[in-house]
């Protein structure tokens, strides 16, 4: 079998698990979790970095950039303008010229703004960024974003940090069916079963943060997520059995190998 | 970490995936699937064996009994008497003295008979068998079975071969919470996400047949199931995040490592 | 249209809503709720009655037996013997010779005992009682109960008082499909939508208690349940549209009345 | 109790059920269904009207405008421009100056365009229309629409005509919680239980078409929907019991009225 690779814009990866870097109890636990997960892409909230004290180590200093590709994100931005500014900052810092675009005006549920996200995507694509927009599971919006050049769409399974799994499942299925770019499920994954399900449906990858960082044992959960992503991908490639309303015997007495003639 | 072993009655295993042997397209695909799954226990429907032609190879000849422990099952039995008889036959054939007990009077949905299952369990335990009864997800029945000496209970996720996943989830959770023996989810698992979910809830193992045997690519699906079982078990041990009704930012701007002081 | 009547054993009713009498804040609220619900059958826990002080009014004195048929229930019984004894007590008190049979050994989840319920049903039917057994949603058990003469089966939607709705939906559907007696969904109904759903699937009636008695406004909720039961029943008779995976325009531009030729 | 009225913009209604006029088998069945439903608002797809043959009766001639307020809709429009044009046409025809705004570029799933819908709403509000936009269940979009003056938001439960019920439930709940206008659930309602559920959650009304028009017996289903809407509204006002993970006895033996002292 030829290798099953994930291509996002101009970059190619073996791992289909993207990991966030927020909410870990400490940097060491984060580092070990990243390692256990097998991830190749870690996303960093630029606004979380304390850039005001030159010479002081930041989160970035704890990330092995030989090993992980940094994906800057615009968490904490409420408008298209703010998000664009953060993307510019990331580029100025020498980070890779791609961005996970989050425009989130709602402090309660952290749901993204469809209009501002589209606007910021259009602008950043024009400036040469590879844009990975975080969106509600809206298939029409997903198509608009692809039309203006997004290299992926990242529908949310359920609100950030809620761990509720894939509440928007049927609409994520429509997005995947209609997509011309890889679809990455982002937010809401609470357990390996959620990640496996997303992959079984044909998602190209998952981005996970809270479910690992806040697990009782983040390093072990990171490994669990790695296995689940691989399991879901393999099942997608293998082709699952259909759901049937009625039972079908798995030990039938006739008509199969080993049955009486 | 000490090794995480599964103990069913007097037997101990590393793998938490039990596999069925029905419905494969051919024996070779079955053998490769068993190998890819990492299973150590394979269940065989005694009634499927063609024992009428001595000298002719049967399913059992295709199973490496050095590698796999055979778990005879009573598929195809409609009454306690028939099931007991099959258990006797298995013992007479020299198979291990344990039995997956299925008493299924309903040809449409293949649902087990709670009363006959309890009766046959009581009898077979008295005769020294280790009994693994297949049941509806009925917590009170599960306790009765433990009271008469069943070494596990095997609640169904959904009807055999339906691939509908864990429809009886809340009652399976109650069974697990109240159990004094390992709980093995049997029937209904259609995809790795289902298996992972069962393990995340605290199931000790899963028994899978149709979802592997009838997958587009059974060998690849067997591997997917292996990974999913490991993922779900690791997540159970790691401790998942709670489900929250409201979103919680995974990239908060204050109060965590790396945030401005 | 001929009248759509509910027949349970030898009794016939117009209303398809049976109501419990426990957990009301006071008798007046109970009476008003019964009235608002339009119910004709109210169930009474014999063990709740304080029969130790002759001359003192009990719950029964607050029920208009001209208007409502009392259905004695065996709540609080943990064994078949206890339940049979309570049925005898009810008959001795001159209550109608039918009984809602609850045998519940589990104090935590209030789930019924399948074996003891079958045993008590068999015995009480022999003695001439009309028996309405409360059961887990187990289709095979439901058939056994019908075989020994139960006049209905009453599968639980979810555990008593949990208000979780119809968690056992697929198995309730199987019970309904295979039933030769009316199926009454009992326990777990938390809101009118749950009751409507049960009726849409073909349940003959619903038995509700906590969802009315403990609502903010029990009288208004009783009326809501009445309407929902009627709605669900009408929908069952009318024939609902199929669930479709794909959208179908409800305002198509061609091919229907009013469209351009 | 003061009357419980629904106010949409400048109009007030008693019924909380809005009905569509598409997909009926004939006009008579439509008329009888409208009557059985108790609706006061019926929506008409302007593009469905055959206006090319003056003097010929159209759908509008079959609607009693003394009894029903016509709500023109823009079904069949793929762009903001087309939708605005249809609104203008409706006004020119003397229809009420409000519009159910549908901008649907996707012929497969009939999902609305968030950006074009916002744009058309802004424009039509400026021109003095009362606008009722049909949207994906996107809380941020819902707020944008309210900010530009929409008199309601109409999130879809599931794609038009799919009858899948409230797949987007959690996000509809967020929209209701944050709304400053009445929220009307539109599309996807397949049965009375779906409609009751929407109302229980606090939806102000439901708009239903296919589930009535294509039912086996549309007139009876129209009545079922009327009852379900009333049931769900009453339950919302009455206050439902909480969902509990654990069972709570509804026939407790101590501590309530009628219990032994």
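Worth pointing out:
Should a chain be cited, it is by its letter among A, B, C and D, assigned in written order, with residues numbered from 1 in that chain.
We adopt the following convention: a residue touches a chain if its C-beta (ideal position, glycine included) is under 8 Å from a C-beta of that chain, and two chains touch if they have at least 3 such contacts.
Keep in mind the model is a prediction, meaning the values are calculated, not measured.
When every chain is reduced to the mean of its CA atoms, the largest separation from subunit A belongs to C. Residue contact pairs shared with A-D exceed half only for one pair among B-C, A-B or C-D, and that pair is B-C. The geometric centre of subunit A is 46 Å away from that of subunit C, both derived from CA atoms. Subunit B has its Cα centroid 32 Å from the Cα centroid of subunit A. Note: centroid distance subunit B to subunit C, computed from Cα atoms, is 34 Å. Residue positions 108-109, 111, 164 of subunit B are each in touch with at least two other chains. Viewed as a contact network, the protein chains form a single closed ring in which every chain touches exactly two others. Contacts between chains, counted with the stated touch criterion, involve the pairs A-B, A-D, B-C, C-D. Touching subunit C in their complex are the following residues of subunit D: 20, 22-24, 26-27, 30, 45, 47-50, 52, 58-59, 73, 75-76, 108-111, 159-165, 187, 190-194, 196-197, 200, 209-211, 213-218, 220-221, 223-228, 230-232, 234-235, 237-253, 256-261. Interface residues of subunit D facing subunit A in the complex, by the touch rule stated above, are 105-106, 108-109, 111-115, 118, 136, 138-141, 143-144, 158, 164, 167-171, 174, 178.
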